[in-house]
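As structure tokens, the structure follows; a few thoughts come after it.
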Amino acid sequence: MMIMSKIKQDLFELIFEADTKKGKAFDIVLLIAIVFSIILVMLSSVREIEIKHHTFLITSEWILTIFFTIEYTLRLLVSPKPIKYAKSFYGIIDLLSVIPTYLALFITGGHAFMVLRSLRLLRMFRVFKLSRYVHGASVISKALKLSLPKISVFLFGVIMIVIIVGSFMYIIEGEENGFTSIPRSIYWAIVTLTTVGYGDISPQTDFGQFISSLVMIIGYSIIAVPTGIITSEVHSANKKDKYSTQVCSNCMCEEHDTDAVFCKQCGEKIN
Amino acid sequence: MMIMSKIKQDLFELIFEADTKKGKAFDIVLLIAIVFSIILVMLSSVREIEIKHHTFLITSEWILTIFFTIEYTLRLLVSPKPIKYAKSFYGIIDLLSVIPTYLALFITGGHAFMVLRSLRLLRMFRVFKLSRYVHGASVISKALKLSLPKISVFLFGVIMIVIIVGSFMYIIEGEENGFTSIPRSIYWAIVTLTTVGYGDISPQTDFGQFISSLVMIIGYSIIAVPTGIITSEVHSANKKDKYSTQVCSNCMCEEHDTDAVFCKQCGEKIN
Amino acid sequence: MMIMSKIKQDLFELIFEADTKKGKAFDIVLLIAIVFSIILVMLSSVREIEIKHHTFLITSEWILTIFFTIEYTLRLLVSPKPIKYAKSFYGIIDLLSVIPTYLALFITGGHAFMVLRSLRLLRMFRVFKLSRYVHGASVISKALKLSLPKISVFLFGVIMIVIIVGSFMYIIEGEENGFTSIPRSIYWAIVTLTTVGYGDISPQTDFGQFISSLVMIIGYSIIAVPTGIITSEVHSANKKDKYSTQVCSNCMCEEHDTDAVFCKQCGEKIN
Amino acid sequence: MMIMSKIKQDLFELIFEADTKKGKAFDIVLLIAIVFSIILVMLSSVREIEIKHHTFLITSEWILTIFFTIEYTLRLLVSPKPIKYAKSFYGIIDLLSVIPTYLALFITGGHAFMVLRSLRLLRMFRVFKLSRYVHGASVISKALKLSLPKISVFLFGVIMIVIIVGSFMYIIEGEENGFTSIPRSIYWAIVTLTTVGYGDISPQTDFGQFISSLVMIIGYSIIAVPTGIITSEVHSANKKDKYSTQVCSNCMCEEHDTDAVFCKQCGEKIN
């Protein structure tokens, strides 16, 4: 029992920790395996390569899948709270990276889902202690979080515009010009408003071209709205970084401006 | 009379108010009916679906239209000031959501206007008391309002550019390369300046490609102008939210945080 | 002589001033004539309309041209400094709006240059005293002016990128894939970097698609640079608007911050 | 020896310095030669021009190459530290501008690499002492440098999105709709997310069009992220330019304007 526990402890450190030398080495091997596995999936989708190197590709795929399966099983076994791990973000991602190859036994093309393995690369930030990047990511995600209500309102407005414009264009242009249904016309409106502009569907009538000109100019102008929202939040987040780190010795209040001389909460002088 | 008045009062609360339990339930049923109705309109524009489920679609459409007609009539009847309601934003939207199906009896494709019903979804914000979103919407609309004069000047400049560039391209490229008229060339100039780029019309001559390269670079650079304008306003609007309007009575220092109790400059208590 | 001088004076007020009732009326007539003239040019480029309404279009065009010719001649005659006027911005624009129709007698399509008349619409701002818009325009132009050195450096960088990328793509893709020459490949690079993406030329080889993916991501990211530059200047310009309007009574120093209590130049207390 | 040393000194000043009259003249001749050489490369890639002016083009190209070769050799000879120069940024660029023509003797199309000469134009800024532009460039590069960690995180996120979306679209649309392999589908995802939208590959199925609508809206919204990041840094960099770093010794107030002589908060003189 004692020995089992020791092995479990060692395996836990090897698999879950990135601080010890062995743990880091394991993580690096894992990252390389993931990158290699993603490249394999991509290459095996290219017909010429697939035909030429069929055996190599299929063998590597199975070896990697078995390796990931063992790794996932070990994670479950050595984790002190296996269910909590299985339900965590990384737990689900780890499972998703194992299933697709087995799935491919039943469903054609199922192994393409293996690209979900790329999500495991997020681990990279933790492994290499890229704190500057982690900090950058936290600034971005905080800014996005704070912008969410405003961005949602904006997207709601965009959806209203594309539904209405799409339907009008369906009436104006009609099926003979490629606007075969309202959903397809809405697809066209999104392609236009976001300034993507494939050109697979494009207005042919004069009035249709006039309406789409308006949509383009609207799309060109309102892109400023999400930009304004996020820029403002990023700027505030960046600024907050520059707040003084002083804490009031009297009331423990934080986030004083850099030019603050007295605590804004209790009036105590800050040194 | 008394009973009538009571019924009218009850109906008013049911239809117009969203605070009572019944009123909210009615609003939710209404919202679901609207969403359902929009989906119906979209689906019935897809030929295969329309042919297959013709009876179901046409029946549902009529049931919903009759429901909306009754609802609109009731709104007029129970409203203390029916004319004021009829002229209000929501009054017009409510009417617009009723007319199209009847219109379709006379005009082909008229029922496509039913997507205007989607505007009724704006009610959603009031019904669910999405105050954070309402606040976001008010920040956006305030920023847009304040930016309006500058955005108008910008759009005026854009219109001048596309008119002049469009006409030049009409001369340079001519009808044989798709620039069949000045309005169409202006349409092309808008497609290019806004970086949509369908490719349905594209310059073929060397000089034409040179001019359009300039237009693209201009379009790519000046998008910064509306962005700058709106970003600046959004940022000011956001900032105003975050600062208290209090001024220290001792040192006149402004821009205190909303949670400030003492002046950060002189330590005086702020009331 | 006296009478001549009086007439000249009256005409000057009529044509050049926008403050008197008559002067304003004249300017409005002029603006309408310009808008009407631009619409005429556009319509006459549409073949069907041109054939159908040939006589009407050509007559109107000549009437308007003669009207503009007389107006321009009068401007020269009544102006106290005719040469200075002729060399001014509006003087050149006024001349440019007269020449094209006469030019069309010699050069086919010459009358298309008449759209240059649209530049005369800039007068609008002065006529209608759209001071809020004029203010907006001045903020934009000031921000653009201040951004010019940085925007120039940015555009210089963009030109270097498109020249180098264009040439590489000419080597990689070659003539058989539409990259027929370096100038055309540079045109493609601009179309791609600015995210316009016509699709008239698009990479076919795997390596070419890889390179263009990089160009797209670069273009998608660096659009942030001009935006950042202009946004920063617009924001500063907007902020300056919000400076206190107080002038120090002691040293006449302006542009104090709104929270300034003492003059930053001479230490005098500001009331 | 003495004379050799004098000649070497003179040549050093002529070639490396831009302060003396002769040195500046040499640099201007060099810049003109570079621009001329780049135009030649471009023109000689246009088939019609190449056939017509073959002798002129090839002669000019060789004259310029020999001129650049001599110049590069001289630089190596007169430089006090030839190896340090050869390894420097400009040393490598200078070498790269010499090699391609010789390379073209062995490799077809090799002379197209001559466009790398355009990098030598960067020297321009130093020659003409465009300090305002140099300053602008330094603000941009400082802002880009400070944004790098955040931009990297953003690009990492973008790469993850295009890999996953690309693979899903490969499954959904399949080879018959142009999504022939995962790498190509990722190429499509990049074309769409960056709003370039060539239209060479575009979704045909309903579900594919729905997914790409989402990708477009994501791309349209998240462009705000790099913009926000860079704008914030540019704004900070601009601001730092405008504020003095002085702190009032009396009240510790910061952020005085550069022209401030007295503290705006307490009236104390700033040294």
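Going by the order they are written in, the chains are A, B, C and D; count residues from 1 in each one.
Criterion: a residue touches a chain if its C-beta (ideal position, glycine included) is under 8 Å from a C-beta of that chain, and two chains touch if they have at least 3 such contacts.
The structure presented is a predicted model; accordingly, all values stated were derived computationally and were not measured.
Participant: Among the chain pairs A-B, B-D or A-C, which one reproduces the interface of B-C, with more than half of its contact pairs identical by residue number?
Facilitator: A-B
Participant: With over half of the numbers shared counting as same, classify the chain A/chain D interface as same or different.
Facilitator: Answer different: the two copies use largely distinct residue numbers here.
Participant: B-D versus A-C: which has more C-beta pairs touching?
Facilitator: If we tally the C-beta pairs in contact for A-C and B-D, the bigger total goes to B-D.
Participant: Would you kindly tell me how far, in whole Å, the mean C-alpha position of chain D lies from that of chain A?
Facilitator: 29
Participant: How many Å are there between the centre of chain B and the centre of chain D, using C-alpha atoms for each centre?
Facilitator: 40
Participant: Among the residues of chain A, pick out those that touch two or more other chains and give their numbers.
Facilitator: As it turns out, chain A has residues touching two or more other chains at 183, 186, 195-199, 219, 223, 227, 229, 231-233, 235, 259, 261.
Participant: Per the contact definition, I'd like the list of chain C residues that touch chain B in the complex.
Facilitator: Chain C residues touching chain B: 38, 41-42, 45-47, 109, 112-113, 115-116, 118-119, 121-122, 132-133, 135-137, 139-140, 143-144, 151, 155, 158, 183-184, 186-187, 190-191, 193-200, 219, 223, 226-227, 229-235, 238, 258-259, 261.
Participant: Touching chain C in the complex: which residues of chain A?
Facilitator: Its residues touching chain C are 195-199, 227, 231.
Participant: Along chain B, where are the residues that touch chain C in the complex?
Facilitator: 149-150, 152-154, 160, 163-164, 166-168, 170-171, 175, 180-183, 186, 192, 195-199, 202, 206, 209-210, 212-213, 216-217, 219-221, 223-225, 227-229, 231-233, 235-236, 251-255
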